[in-house]
Amino acid sequence: MNDYTPTEMMTISASRALSNDDVCFVGIGAPSAACNLARLTHAPDLTLIYESGTVGARPDVLPLSIGDGELAETSLTTVAVPEIFQYWLQGGRITVGFLGGAEMDRYGNLNTTVIGPYDSPRVRLPGGGGAPEIASSCGRVFITMRHSTRGMVDKVDFVTSLGFGPTGAERAALGITTRGPALVITDLCLLEPEPVTNELIVTSLHPGVDRGQVADATGWDVRFASDLGETEPPTELELGTLRDLQRRTDEAHSEVRRDGV
Amino acid sequence: MNDYTPTEMMTISASRALSNDDVCFVGIGAPSAACNLARLTHAPDLTLIYESGTVGARPDVLPLSIGDGELAETSLTTVAVPEIFQYWLQGGRITVGFLGGAEMDRYGNLNTTVIGPYDSPRVRLPGGGGAPEIASSCGRVFITMRHSTRGMVDKVDFVTSLGFGPTGAERAALGITTRGPALVITDLCLLEPEPVTNELIVTSLHPGVDRGQVADATGWDVRFASDLGETEPPTELELGTLRDLQRRTDEAHSEVRRDGV
Amino acid sequence: MPDFVSLPDAISATVRDGHTVALEGFTHLIPFAAGHEIIRQGRRDLTLIRMTPDLLYDQMIGAGCARRVVFSWGGNPGVGSLHRFRDAVENGWPHPIEIEEHSHAAMANAWAAGAAGLPFAAFRGYMGSSLPAVNPRIASVTCPFTGEELAAIPAHRPDVGIIHAQRADRDGNVLIEGIVGVQKEAALAAGMAVVTVEEVVDDLAAPSMNSTVLPGWAVDKIVVAPGGSWPSYTHGYSHRDNAYYKAWDEIARDRDRFLQWLAENVMAAS
Amino acid sequence: MPDFVSLPDAISATVRDGHTVALEGFTHLIPFAAGHEIIRQGRRDLTLIRMTPDLLYDQMIGAGCARRVVFSWGGNPGVGSLHRFRDAVENGWPHPIEIEEHSHAAMANAWAAGAAGLPFAAFRGYMGSSLPAVNPRIASVTCPFTGEELAAIPAHRPDVGIIHAQRADRDGNVLIEGIVGVQKEAALAAGMAVVTVEEVVDDLAAPSMNSTVLPGWAVDKIVVAPGGSWPSYTHGYSHRDNAYYKAWDEIARDRDRFLQWLAENVMAAS
């Protein structure tokens, strides 16, 4: 089986990192697809929490927003948004938080705020949303990003959410006891923090990707693990399940539904 | 109509002080009877909030505790106890709070904590419960107490909940903007704070009660308003409604109900 | 008991130029109809609070209502940018706006503190983030017992809080179901609470003793506005119009196209 | 997913001498059966947290389980005193106990802070009260924006939190309905959460999307204990046994009568 896209490889790699016992704080886009794919394959009891307040969501299609009705309908319960951030996220009950960003540096610091100076930005990005506290309160953080020099940068213009800090040492210095960025999943490879330095290094190349491709797409002088591995290609089950999910999702979102309006 | 008890006169006087628009934080005992009597007579839209979380309770019988099932069943909604104290009481949405106590001084400071020294009390009372914050957060406080020198004392052993403070001036000095004790209802009379001094003075004697009786039953040199009035005796409607309520309540609480046990 | 009034009357009685106004709703129950009425009434210099500005604030900012926006995530969920918001921040069109930027956790805590009548909220947040450096309304407090330093932000206390809900009964009690977001907090934290509802019914028919119900005496104005959350949705009454959200991206990219959309779909409507 | 175990196993696996334990339930859902099991297992030196100690802590104090009681209202609701509690405080029988006394508002806020993983709670309280003078765990914090001084107390973080609830499903998800009190907070704030339930069902049958549900992964032990809240009650399953509450007054007044009651009704039961 080699007929799959880099994005599919990224989503499937992310899904594999989740286990049945994880309680996962889910953002929209790739993380949502990865989490639901995990739930539909190897981790049926994976708990998904969306910041809209839905606890234990089991959506049949991927939501377009983190507050789609599908989430509330399939959840164990839906709580108020202050409670999600107070009792569940800050309360330390989330094992994995998924983040992404417009920019990430070698220490997993993420920028989703501005490109350029804050007061006169070249590009005004959406902002932090839940990310600043997901970054510090979840047991581990998984980051999904498309691999390009525009996104994987030497220095982020703004630290929206902390990885290991500008020099890799600031997370510990702040007294944060959660692990932080434990895995970065791109469309080319996996990166993990190197012990001691906390620098993200490439630990696995996706099938068909070589070191040069990764180096060219990374804005810093990226390093490779001595025991660099190769990512298992998608299985038929993974790919079939993901495509079914995407098809159901596309069908659902293309309907214009204005019942009652 | 003169066939009524001093306790009935007290409860009925308290009920008259409530208006249809009031949102009332209700304790157990006399306040609960007074609030529900008001609701069943002249103030049908009176809102009753019990600290157990029941908002807009309309019980058919008086609860024995502030958390009886009857309250949840008849309420508009029942919220968690932190919410009651955070959003509803501290949020400033309660117009009237009812308090009582083992001891009260001339400035409406109440003791429900200990008789004697705190560390080796002669009598250990139940404690503050909701009272310390009811005293400061409700628009006005109504106090119901049986009139005796044991309860109406020159100096309380412990200020569980603030009235106007030990000299009558401390409430304002603390920057508290709610009115505090606006009315004290006993089985003998009504007392209200005197302008400027905030000392509670007798403003109305219940029918058949004379000044000497009140003075004898008060542990400080109680003063009487220059325009001292006489409390209207209970009407037939008030007394009938109160007795019906008490009868229903006594019947309900004497049943031993162990369904499902 | 609240007044039952028309949407134009509810807005004209409560929202003034220069006010701080919150139209809340976390993806669900966003009060679009009320926001459009604010645009039609030509309100200016508003401080607009919302966790997720969403299309509604994109439209209000593009229409020139906003002087300042207090928010935590300003995107079109699942689609991309809010182009009118970006045009205001990046290029000052139709006029420059101030922003006060927080995280979701901060905003949610600020709403809870506002509803609770507190002046500020303390929470464990913003650790290592650049946001405190650019937002002077992020401070800190120290735990008197452990010495831990926590983030602190001012409570939200808007002049007017506007939400959409499923239904009200004839006493003005309001039922909110599904993704309840920060709606209850936004209504309770505000000086005046305006609620648009799908319908007014004899019996609220709350499914549980513990349903989220705003008592009528905590609400100032009730407006019957069926479909008032469209293109957001009202659980049990309508679905989210995802196609509208996707189509908005094209409309909002271009100033002229936006102005034409505004004239035809907001100003000419009622 | 929690363990489904017997009551003796749940208590012996979680509650140790010297632990801080909370058996919560605001009038409703008081976990009497679990408290009696703690008495039977002879636990000592416990710090017992409860807003309203009620008959259950009166019994546990009288049986000698408590070293310290953290509370805000220690009476027999609608009846009078807790005589065993008073005897311990006033006369040191069966041994002296320490008390840490708060207001309801403080306790409720301490529970919410504990569930939220915060070290303390800030609220507007204790103004003009003598309580801060006798309780060193009442401090203050200053709002960094307004300068207002607020009361501060440490969050509750018991070793074990025990609650009773209506039912659980086979995944250990727990439904709590009616007067929900601080049960959810007590379970989430605790190191270990033990829940006794009336029954375990295939379908939780929560009446609303927004019902109060504790996910199974947030619970450690589930015990099927029908009637486990008696003489308190479980909404939808049983009624409060008001006669028991009234009868307790006489039983608890006298040490010998209490000891006889304890032997016959707790120690001899299972």
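So that you can tell them apart, the chains are marked A, B, C and D in the order they are listed, and the count of residues begins at 1 in each.
We take it that a contact is a pair of C-beta atoms (placed from the backbone, for glycine too) under 8 Å apart; a residue touches a chain by one contact, two chains touch by 3 or more.
None of these values were measured; they are calculated from a predicted model.
With centres defined as mean CA coordinates, chain C is found 40 Å away from chain B. Chain B and chain D, compared by their mean Cα positions, are separated by 27 Å.
Taking each chain's centre as the mean of its C-alpha atoms, chain A lies 56 Å from chain B.
Looking at chain D, residues 112, 116-118, 123-124, 178, 180, 184-185, 206, 209-212, 235 sit in touch with two or more other chains. Among all residues of chain B, those that touch two or more other chains are 72, 78-79, 86, 90, 137. If the chains shown are joined wherever they touch, the resulting network has some other arrangement, not a path, ring, star or complete graph. Here the chains touching each other pair up as A-C, A-D, B-C, B-D, C-D. Partner chain C is touched in their complex by these residues of chain D: 116-120, 122-124, 137, 139-146, 148, 150, 152, 154, 177-178, 180, 206-212, 235.
Across the complex, chain D meets chain A through its residues 1, 112, 115-118, 171, 173, 184-185, 188, 206, 209-213, 215, 217-218. Those residues of chain A lying in contact with chain D across their complex are 21, 23, 45, 47, 55-56, 72-73, 75-79, 86-87, 90-93, 137.
Chain contact summary for the complex, chain B toward chain D: residues 28-29, 51-54, 63-69, 71-72, 78-82, 84-86, 89-90, 109, 113, 118-119, 121-124, 126-133, 135-137, 158-162, 165, 170-171, 174, 176, 253-261. Every residue of chain D that touches chain B in the complex is listed here, in rising order: 26-28, 51-52, 71-75, 77-79, 81-82, 85-86, 89-90, 101-105, 108-109, 111-112, 123-131, 134, 178-182, 184-185, 198, 212, 226-227, 230, 233-235, 237-246.
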